[in-house]
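Here the chain labels run A, B, C, D, E and F in written order, and each chain numbers its own residues starting at 1.
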């Protein structure tokens, strides 16, 4: 799929609009995205013991991400409201990072990349909120779309 | 200020709660944060001409960030609602990045780091939404608190 | 219809997700639910005179219930957003109770039991809010689904 | 504390209003409330093993309750917005019930009974959402305020 | 009180911000506003009989206005969140108009003109929604602030 | 198209409901609406220079209008949620007025007049918010539907 060469959300006179997607086909669409929280190893240890979460912090972040996916079109001004048919938010950790991977699906007329990214971002912000008292300097990085399918532009996977 | 050694949002039995802040002092508090969008140079060119925005994309992202700051406690489950007294969202660009810097102030009982981070994140997501048709592979990175002041923990600036 | 034997919202590893309903059929679906507010007879008298409401308290509760039905997927984390096609909230009273009965319909891929229950619950909470100055001890009980139709599981009526 | 004899939210002509509380004192206020979900014993078994939750259903309900507490004034039309200073949502189970107990605190001009009730109700609805595939006939009952303190009306505990 | 000569929400470089009001005094503030719905006389007759509402349309519009007042800072991007202490929405009619008058009070650092205007506007839109099937050509006019008090700029009444 | 003779949102017994639209056809529907802000000529000069906006006030109002269109069914109690497929908000000025014209489209079962009116109203309120420090007496007028198409009632254009 080739990327375009103009900002579709901005009209010729420079003003923003919510693009009319009436003519687009209703198809099954899926997008996956990620976000990464970088912190100190001992903070990872506070969140998980071995492979097990210690209490509920990951569940809290997961719920926040799922709810945020459903709020995407209220947060991102030019984003179309979509009837989401599924949302997952998963976590994996290594020594000093927590990686969040989200998957969002819809049967609709626009893609769900923004929903997947929003879920990942809000889950990451929620983790930061829980660890900020122990590591205010933690950073959220690498928020990006991993793949998408469905719609006129077809399959796309991050190289 | 020394960081703590436990997750204050999680009780001894592992369950999450919204910490009682009744006893904390009402003081003026400010936090600044950033997010960075990495894209291709020609996409930066679509957003700005010289130092000037071309049309409204930066304004759209700015408004999204300001509104998101006010929604922080609805998005981040364990975050306290706060009467924000000011929010700014500023942009700077170099060859292949757009950097967003936010500042949030309140006169309240908890800090506003989460509000500053949420404003920066949602402004970045809004920029991605506008450029994704020309650069689906763009990445959002380096979301972090830059400084905070006010409250018992006093001043903090990222090293 | 036989009930299942597992929690469909929880995956094998114990984590929550918003179940993918992409494959489910879009059909007309209706659910009815109720909630009951128990209070003192004189409080019922403050709300109605004979069969007539005295002023607007029932209207306020009705509007609150209708609006809440539309917010269900923002309130209940694993609930799918649905395009509601109709909502009614009706009241009946006896000596010391106000019974709220709701009906919600959609043409969609999941049932609307949660929307009907949420409408009934929020209408009941709104009534409590209006009467709490005269009967703080009032109780909300018997929140339950009365019937549902549409979808793979077909008709169901509370025995 | 004696209960009143009129509906304070309704004016003499029968119309609803959000009562002016400008003259009320800002004090620390706490309210506790409960809701009870009645289901079948084997469903309780799906939610917990011994005293331990199996995966995340209780965490999901807890987060939903906390977020709902913060949305109370958007859901209940005549309820005043309040800066909540703390929210807890706890669960206890016996053979066929899950009892939810909530506690909400504020430093504000009105009580937080509605916030505590809303948190309990939405946590209960969220549990129902997760168990409805295995017990559609489950019921939510006994939603009531347990105690309140602070403000002109002082202490109140359910008899 | 003299009006200013610049747009305080726009900085010298033309960008929007939520103005920092940290330094402003917390005082009791009240604003009143109005909106007028112009329709046909027979439509007024559908809404009221003599001086009495026929069923609930005015109550529905009143509740919508009260709830909207509380959502003002989510709707108007540069508006500060405020703890509203009271909201009223009243109706009066003549042959072919329904006039809505709102009053909003707070103890806060900014005025509540926007909240009073938003309540009036949304109440008017809600009336239009209910009458549009009988008079699609109805118009909403004369949305304006009637008076304000409190804060540095003191009393103001529309001439 | 002939207007009706009853309030469809109010049942025979006078109570409000969200009308069941299950039986209505899913068609492409468009509505246009307007709102007008009346202010002083020098205030118009603060907003635009020649035909160009001075900084971001029009962009802020545009984004507010687009976001509000998507919130319509949360603001207007008896309005159905709809999957909006496009929203535009345009401005034109003469000596002492700013006219806002909105266009909203959907492929759905009800019209989008309320969405177009809500977008125009909130854009107008946002402009008022930005100019109120220089012209508190500014007025919002002439909020009305300009045209609609689609659905059983077909085309309608304001005479």
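Definition applied: a residue touches a chain if its C-beta (ideal position, glycine included) is under 8 Å from a C-beta of that chain, and two chains touch if they have at least 3 such contacts.
Worth saying up front: this structure is predicted, and the values here are computed from it rather than measured.
*Asks:* Which number of steps is the smallest that gets you from subunit D over to subunit F via touching chains?
*Replies:* Tracing touching chains, the least step count from subunit D to subunit F comes to 2.
*Asks:* Listed by label, which chains are in contact with subunit B and with subunit E?
*Replies:* D, F
*Asks:* Subunit D and subunit B are one sequence twice: same or different residues at the contact, by the over-half rule?
*Replies:* Different: when the shared numbers are divided by all numbers used, the fraction is under half.
*Asks:* Which one of the chains is farthest from subunit C, going by Cα centres?
*Replies:* B
*Asks:* Which listed pair, B-E, B-F or B-D, shares over half of the residue-numbered contact pairs seen at A-D?
*Replies:* Most of the A-D contacts reappear at B-F.
*Asks:* Between subunit C and subunit D, what is the separation of their C-alpha centroids in Å?
*Replies:* 16
*Asks:* Per the centroid of Cα atoms for each chain, what is the distance between subunit D and subunit E, given in Å?
*Replies:* 31
*Asks:* Can you tell me which residues of subunit F touch two or more of the remaining chains?
*Replies:* Subunit F, residues with two or more chain partners: 15-16, 56, 59-60, 62-64, 67, 71, 77-78, 83.
*Asks:* By the document's touch rule, what are all the touching chain pairs in this structure?
*Replies:* The complete list of chain pairs in contact reads A-B, A-C, A-D, A-F, B-D, B-E, B-F, C-D, C-E, C-F, D-E, E-F.
*Asks:* Help me check something: in the complex, which residues belonging to subunit C touch subunit F?
*Replies:* So the residues of subunit C in touch with subunit F come to 28, 58-59, 62-63, 66-67, 69-71, 83-90, 105-107.
*Asks:* In the complex, go through subunit E and note every residue touching subunit C.
*Replies:* 56, 59-60, 62-64, 67
*Asks:* If we count contacts the way the header does, which residues on subunit B are in touch with subunit D in the complex?
*Replies:* Answer in residue numbers: 15-22, 73-74, 77-78, 80-83, 108-109.
*Asks:* Going by the contact rule at the top, pick out the subunit E residues touching subunit F in the complex.
*Replies:* It is residues 3-11, 13-16, 46-47, 54-57, 59-60, 63-64, 67-68, 71, 75-79, 113-114, 117-118, 121-122, 124-126, 128-145, 148, 156, 158-159 of subunit E that touch subunit F.
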